[in-house]
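Heads up, there are several structures right after this.
Note that chain A is present in both complexes that follow, paired respectively with chain B and with chain C.
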Partner chain A sequence: MSTIEIKGICKRYGSTLALDNVDLTLEPNRIYGLLGRNGADKTTLLNLITNKIFPTQGEIVIDGANVLENDQALSKIFYMMEASLYPSSLRVKEAFRWSKEFYPDFDMNYALNLSEKFGLNMNKRVKELSTGYGSIMKAIIALASNASIVIFDEPVLGLDANHREMFYRELVASYSLRPKTIIISTHLIEEISEVLEEVIIIKDGRIILKQPVEDLLSQAYTVSGEAAQVERFIEGKRCVSGETLGKFRAVTVMECLQNTDRALARELELDLSGVELQKLFISLTNS
Partner chain B sequence: MNRILKVAKWQLRDSRKAILIFYGIVLSVVGLIALTNWLYGSGQGKAGGLDANEVVFCFVFGLNSFTTAFKFTQANNVSRRSLFIGSLLSLTSIAFLLAVISVIFSLVLRSVMPYENMVTQLYRTDAILTSLVWSFALNTFAMFLGWLITMIYYRSNKLQKLLVSLSPAILVFSLVLLARTSIGGMVFNPLIRAIRNALGFADLLNPNPHVAAFSFFVGAACLAALNFSLIRRAPIRE
Partner chain C sequence: MRLNFASDKPIYLQLAEAIEDDILKGIFEENGQVASTTELAVSLRINPATAGKGLNLLVDEGILFKKRGVGMFVAVGAREMILQKRKETFYQDYVMKLLDEASKINIPIEEVIAMIERGRVS
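For the complex of A and B:
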């Protein structure tokens, strides 16, 4: 059980302010999705949490201990980075063995089992793995590490649809068996939305939203139908996006759906439907 | 402490192949010399200085001991402090191991052919303990120097890397220019005297290898301090 507290974090690269006064608390044993457009500095935030880089200002605390060069705090985290930091000549089985050295709770049997499921050749060297299998090796180490905080940065990079599906299934199974704090940064929002409990959206170096997925989706809906009627319906409402196709229009409304809205939609012969997380994300980060 | 030992273990395990290859080559050369000696006799000459290769190996080993280890320890979320201390342990252990092997080599070679190691050639002593301490000190210094250079490269941007690469040439060129000026002697004489004293040649008739060993250890400690200042805030570069 580990709580991550991010307090007033700023990160500056020369004259560029990458992260601007980020305050965030991540509760233990939840699955967080860290979402943001390209260049939103999601990886910068993850690198700061794991002491890969240093903040310009602020601090990051895990269970009351600052992560800065703190082995005790750092050993609670496993961070699957997008880039491979493993020596290229290292064999997969050696990578597992060394992970066991640094993470004593590393479940070797589980790692071997997953390797078999994914078809990962244990005798191959890191440099011989394709992008997809490189991701699979790192994901297996992350899942088997049994660290109380596991961070995934683009975990399904290069994976085919079957392997992606398998990964999500294994992630949920591993979480159910041994709850932990999981942070996933990905662009494949639609695929991961079923897995996430809470989303954190980062835009221009600031956290613009942190909310349970269920709450977020219940606070928005899509209204669609004849364009003129839709325009009548959304009058005075907070809309985040809209699409028009001929006379047809669909608009995402960022409000809780009331009975009066349902009645009005019926009267105007409009359809009401839920919002997909990805569409909501696009709406929120486009504005 | 546990993570420090794991880092040291990783680096020692990682060094095995390089050490085996190095000694494979050294043994081949020694075998060739011994064979030539046996076939044609030693004549008036003496073999020597095989341990100089060991110093070069230590320097090159130091050059290769940072980037891979840094990335690997970062993949396992190990602090830079633990990496530094773990590296100190592993590098000094390897330097000591090579010094021991070097002394054993000298003893074996001396028993089969006329051979002088570097300490004997420079300081006219063949005391085993002196040779061991001197080699250990020099190996450690060479290793830490290589380690420092690779770390400077890692922390530098393109322009800084270029400057670091050119710095030996710039230094030599500056010294040559300085030597031609009227103040050349004022700078060089004390400098040469200081280096000579540090290497134990204050009294040329009775050179002292222990002074040199002490200087190498002090130098290695200074290099280690510089290394720590570079590693403690090193960001990961993907």
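For the complex of A and C:
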């Protein structure tokens, strides 16, 4: 059970402000999705949480202790980085043993079991692994680490569809068995949206949204139909994006759908439908 | 059991309905055990909290009941309860949609009724 508090974090690289006054509290035992477009500084935030880099301003606190140079606080986190930091001549099974040194609760049997399921050859050296199997090795270590906070940065990079599916299932299974705080940064939103409990969307170094997925999806809908009628419908409503195709128009509205809206849509002969997380993400982060 | 992730119906409601469907089909029998939160979450690849919410909805309605430390079971009378509930939503979910679509494509009501008659005998 670990809580992460991010308080007033700024990170400046020279004259660029990568993160701008980020405040965020991550509750224990939830699966968070950290979403953002390329260059949104998701990894910067993860590197700060894990003390790989230092904030220009603000602090990050885990269970009441600042993470700055704090090995005890940092030992609660397993961070699966996009970059591989394992020595390239290390064999997979040695990487497992090595992990056990740093994470005493590392479950070796589970790691062996997963390696067999994924077809990961444990005698191979890290440098001999394909991109996919490199990700798989790191993901297996993360799943087996049993740290109370596990962070995945692009966990399914290079994985084929079958292996991605297996990874999501194993993630849910291991989380059910041993609840922990999980943060997943990914671009494959559609695949993972049902696994997430909450999403955090980062844009231009700021958190623009943090909300349970279910609430978010229930507070948005798409209205579509004849363009002029759609315009009448959305008057005074909060809209995030729209597309037009001839006289057809579809607009995403960021409001709860009321019964009066349903009646109005019927009267104007418009269609109402739900919004998927990925579409909503695109609407919110475009421009 | 299948869920439609693209549907605008929340996943926990879809899950609750899918379990109800399985009870109606006799896949889960009254007094019999249903899948656990973990089993459902893993096999459907959804967040365990979502799976739990779907199951709890059915517990609140008296369709399922919990046996501490053992799991979830189908209540006696669950089938009847589900049938009753489904009848109430049938009008909104099917009849109204049918009439909406018919009006959109200009099928007169008499023709709709004739189609229902035809469907009944075939």
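Note that in this section the second predicted complex is superposed on the first by the 286 of 287 C-alpha atoms of A that agree within 3 Å, B and C clash if a C-alpha of one lies under 4 Å from a C-alpha of the other, contacts with A are read in each partner's own complex, and residues count from 1 in each chain.
To be clear about the criterion, contacts are C-beta pairs under 8 Å (C-beta built on N, C-alpha and C of every residue); 3 or more make two chains touch, one makes a residue touch a chain.
Not measured: the values here are computed from a predicted model.
Within the superposed three-chain model, A:276 lies in touch with chain C and out of touch with chain B [touch as defined at top].
Shared contact residues of chain A, touching chain B in one structure and chain C in the other, are absent.
Every residue of chain C that touches chain A in the complex is listed here, in rising order: 3, 5-12, 37-38, 41-50, 100, 104.
The touching residues of chain A, counted against chain C in their complex, run 30-31, 165, 168-169, 172-173, 175-177, 193-197, 213-214, 217-218, 221, 266, 269, 273-276. Across the interface of their complex, chain B is touched by residues 47, 50-54, 69-71, 74-75, 77-79, 81-87, 98-99, 101-103 of chain A. Listed in rising order, the residues of chain B touching chain A in the complex are 3, 6, 9-10, 14, 68, 71-72, 74-82, 232-233, 235-236, 238.
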